[in-house]
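In what follows, subunit A forms one complex with subunit B and a second complex with subunit C.
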Partner chain A sequence: MIKSRSRLALALYALMAVLCIPFLFPTWWMITSSFKPVSEIFAFPPTLLPRQFVTDAYGRVFELQPFARQYFNSLYIAVAVTTGTLAFSSLAGYAFARIRFPGANLLFMLVLTGLLIPSEVTIVPLFQMFLDVGAVNTHWPLILVPMLGAPSALQTFIMRQFFSGLPHELEDAARIDGLGRFAIYHRIALPLAKPALAAVGIFTFLYSWNLYLEPIVFLSSPDKFTLPQALTQFVDAYGGPMWNIQLAAASLTAIPVLVVFVIAQKQFIEGLAYTGLKG
Partner chain B sequence: MASVSIASVNKSFGSHPVIKDVSVEIADGEFVILVGPSGCGKSTLLRIIAGLETINSGTLAIGDRRVNDVEPKDRDIAMVFQNYALYPHMTVAANMAFSLVQRGVAKAEVERHVHEAAAILEIEPLLSRYPKQLSGGQRQRVAMGRAIVRNPKVFLFDEPLSNLDAKLRVQMRGEIKALHHRLATTMIYVTHDQIEAMTMADRIVVLRDGKVEQIGSPLDLYDHPVNLFVAGFLGSNGMAFFRGNYRDGQFVSSDGLKLPFATRGDLEGRDVVCGVRPDDFILTDDGVDATVDVLEPTGSETQMLARWGSQKFTSLFRGRLTAPPGSSVRLGIAPGRAHVFDAESGLRLDGQPPCHA
Partner chain C sequence: MAQDHPLPSISPDVRRSWWTPARRDHFIGYLFILPQITGLVVFVLVPLALMAWYSLNEWNVLAGTFSFVGLGNYEKLATDPALPGVLWASACFSVGLVLFNLSLALLLAVLLNQKLAGTVVFRTIFFSPVVVSLVAWAIVWRFLLQQDGGINAVLRMLSIDGPNWLRGPNTAMVSVIVVQVVKNVGLNMVLFLAALQNVPQELYEAARVDGASRWTQFFRITVPLISPTVLLTSIITVAGSLQVFAQIAVLTEGGPGTSTTVLVYYLYQQAFQFHFFGYGASLAMLLLLIVGALTYLQWSLRKAWVYDND
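Right, the complex of A and B next:
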């Protein structure tokens, strides 16, 4: 009995190990290849570890482009978008969850339809609008659109779900204790919403960090570029990729994402639960 | 401390009326319990007193002050909620201190109040804990502590014991009553549990469908229910009811059995419902044969489920009894303890004025 169970467990682990390969291999290949000379990257048979360990590619990343500046761009845009989205989505989510006003449901449906519109559809009119106000080739579109536009609809939804689940009695108690509407939001609801805020924060940070279409549409000077866009620029004179340099840049780009994932795995999964998608 | 006056209050949610012309006068220091089945509007009435719900018409006064449009925080009330409603992100001490800090009371003063209240409720060792680290009974006590700290004119309790297990409920019942005795503050308490109402209240307000059915002391209501609803609602074993009518001054059940109720010449030919509390049945040779269905001895008492004709009822006797199921016993009714109600309106028919206090 016990033996067959442990055998089953062993088989399951083996299966999972095999299933891991397609997920882990690209990351492994990206990191190890960034330390290989170009000739070795495509050597056959391929090498799991670099036979010749070189770090030149990492230096070249910063020579070919203002990569540090681009790194900073991505970072500060993501932080601004995250901060702003947390503020707006928690305020809007709280309002939709708790304030009864005429047309609230209709308005909420309208917000949710934002989820259905792909950003490719709106990018041309948005470009026109930002061109009219002279904000093309600045970071404003990349900060304002996710924060106030359709991408924050999902975050508002998550926050609303969370606030809807808070007991009404807590707010009644707070009212008797003398808190007004905003104070209830700020001093009672918000501190209790930490897990939801963490989830929204992580989602938003990753969204902004990985944004690709918007930067290539709105930005044209290399010192304004964000990382996903900069990665595509490591090409030789004929437009072919400079593999080892590009992979080094990609490895550097992935670091914050990996760090965020490792630190906040739990919140990330809880966040998925708040969307009501749990089984 | 203050009286509470509820005068002709009406409240609707949309087009649905939930409180219909309710008037209750609550004296200073009184312990009044609002009781009724779920959906009767008792919690809404409490929330109206707290200021958490507005009213459509009528007047609400606490002390001499009309408070219809006064914010909850300015009504000088404290409320204890069914789910305790402790702020989960604050310690017990912070929970208790919150309203005072909010009002800008000096820190030393706040601490003194918190410790006083904690001492009364014996929760001093819990002050630095968080609500999630407490048991249900402890949370309830903290919720009461939070109310005491405010030193309010009126305490409001919204089904505070319904989340506790039976044993703890009995214990907390005693503690709340003792607290009332100690503080002598007006208390208004909502429950659907008629035992809580009977054991704790100075006066009970029975509500049904948003209307007051009867107001009176627990024993008044027990002895003189104004209608079938109140009669059936109060009392732990439920009143036994018999349908029938009066013929030749005697009550005849719908099965045609002459039952041992007092003669009433004034009700000749009228369809009535006669009610008897289980403990008002007596064993007597002058009684009427009843068929025993089940006998449930509990030691000090014996409960007997029996039938007169097709009408089943529960009776309760002190001491012990032997009567095998299927056998018959002669049962009568203690003199003056029967209740007669009109079958159609459900109103009491004994000529005594209902005790609306």
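Right, the complex of A and C next:
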């Protein structure tokens, strides 16, 4: 019995180890190849570690494009979108869950509409609207639309679901003590909503960090570019990718987020799972 | 200021009778939702209305022409020789993605749910691509999938002659699906894992006492009890599959030919590369119609196959 159990465990480990390959290998290959000289990148047989360790590509990343500036653009846009989304979606989610006001159902239908409409659908009119107010080739569309438009509807929906599930008793007690709505939201409901806020924050940050269609539609000057857009610009005179430089830039983009994730993986994964089940 | 010129006095009683605590509460409710609702009106409703209007006009941004053509763009839609191929590519991509994603997510979740030591490490690994920047991920895979790239190098060591993955119509489609699934399967895996852990253990014990095999337990207990999560994940995954853009743009640019030109990529080409805004808007209407129909279909099917506790 015990023997067959441990044999089963061994088989499961082997299966999981094999399944890990497509998840781990690309990241490994990206990082190691970025330190290989161009001649070694497509060498056969392939080398798991660079035979000749060079860091030229990393210098070139910053020479060819204002990469530090682009890094900062992506980072500050994602932080602005995340902060705004956390504030506005928790306020709206709380109101839809707890405050009864005329028209609440109709207005919530609007949130559900936003939930169902992919923002790609409205990219043509959004471009025209931002063009009319002179905000094309600025970061405003990349901040305002994710923060308040269709992508934020999901976050408001998640927050509403979460607040609906909280027990009323705490708020009732606070109200008897004379706390107003905003104080109850701010001092009672928000602290209880930390897991949901964490999940919403992570989702929003990754969403903004990954945006690609919107930046290439709205932005045209390299010092305004965001990282995903910048990564694809490391090409030679014929439009072919300069692999080692692209991979170095991709590594610089991916590694910091991966490090944060590995450190906080429990909060990441369990927060998402928890909120997903609730929603 | 205000104190110097007091307003014509409304007696406090009258004012209080209108400004009731209930009204005050409604007002606060509206204040709370104001930013979100304003955003949805400005960035969703207005663009939708504009898009419907644009789709009725011939609008070439480069030529600067804008003229009302009625249903002209929709006629063009119906007769566009490229469109059937685009819809076929979208359908292949979505069906392949959803089937592969959900079954792999369920397999990984079941494996992780076996209470083996060290599963946290595997969970972290399977989830990690979710946090890697989408374009960075696509660039690495494009590098790996080159004719002389990493994957074919490994195949060559096993004496297999690998194809030029991104240049053959079928292998290109399979490649973009696999790249996308490996990137995002972790999300669904985590949702499935949480659902599996919520299935009461007593049910399995009872089934074992009754002599049910592992397969029977899985299909008669596990699957029905996690079906709400299957519905949720399939809605999210179907909707996401119709929005795919960056991976296609980086990996294949819709090629070879139009074999991986999905609807959003085609829309982008028509509107922002060829500058046919009116036609782009009618393509967006088509996309909206498809998303709406699919969501409605899944939602109405839920009664048929989702196990409901109530």
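In this section, the second predicted complex is superposed on the first by the 265 of 279 C-alpha atoms of A that agree within 3 Å, B and C clash if a C-alpha of one lies under 4 Å from a C-alpha of the other, contacts with A are read in each partner's own complex, and residues count from 1 in each chain.
As a convention for this text, a residue touches a chain if its C-beta (ideal position, glycine included) is under 8 Å from a C-beta of that chain, and two chains touch if they have at least 3 such contacts.
It should be emphasised that the depicted structure is a prediction, and the values quoted were computed from it without experimental measurement.
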Joint occupancy of subunit A by subunit B and subunit C, clash or fit: fit
Which of subunit B and subunit C A:L75 touches, first, second, both or neither: neither
Following superposition on chain A: angle at subunit A, subunit B versus subunit C, Cα, nearest 10°: 80
First, second, both or neither for A:V54, with subunit B first and subunit C second: neither
Residues of subunit A touched, compared between subunit B and subunit C (which is higher): C
Partner chain(s) touched by A:A198 [first = subunit B, second = subunit C, both, neither]: neither
Touching partner for A:I188 - first (subunit B), second (subunit C), both, neither: first
First (subunit B), second (subunit C), both or neither touched by A:S33: second
Minimum C-alpha spacing, chains overlaid - subunit B and subunit C, in Å: 8
Residues of subunit A at both interfaces, subunit B in one complex, subunit C in the other: none
Residues on subunit B engaged by subunit A in the complex (per definition of touch): 47, 50-52, 71-73, 77-79, 81-89, 98-99, 102-103
Subunit A partner contacts - residues on subunit C that touch it in the complex: 25-26, 28-30, 32-33, 35-48, 50-51, 54, 108, 111, 114, 116, 120, 122-137, 139-144, 146, 148-150, 153-154, 156-157, 178, 182, 187, 190-191, 193-195, 198, 229, 232, 239, 242-243, 245-246, 249-250, 264, 267-268, 271-272, 277, 280-281, 284, 287-288, 291-292, 295
Residue numbers on subunit A that touch subunit C, as the complex places them: 9, 12-13, 15-16, 19-20, 22-27, 29-30, 33, 42, 44-46, 88-89, 91-92, 94-96, 99-102, 104, 107, 110-111, 113-114, 116-118, 120-129, 144-145, 147-150, 152-153, 156, 180-182, 185, 206, 209-210, 212-213, 216-217, 227-229, 231-232, 241, 243, 246-247, 250-251, 253-254, 257-258, 260-262, 265-266, 268-269, 272-274, 276-277, 279
Subunit A - residues contacting subunit B, complex: 167, 169-170, 172-179, 188, 191-192
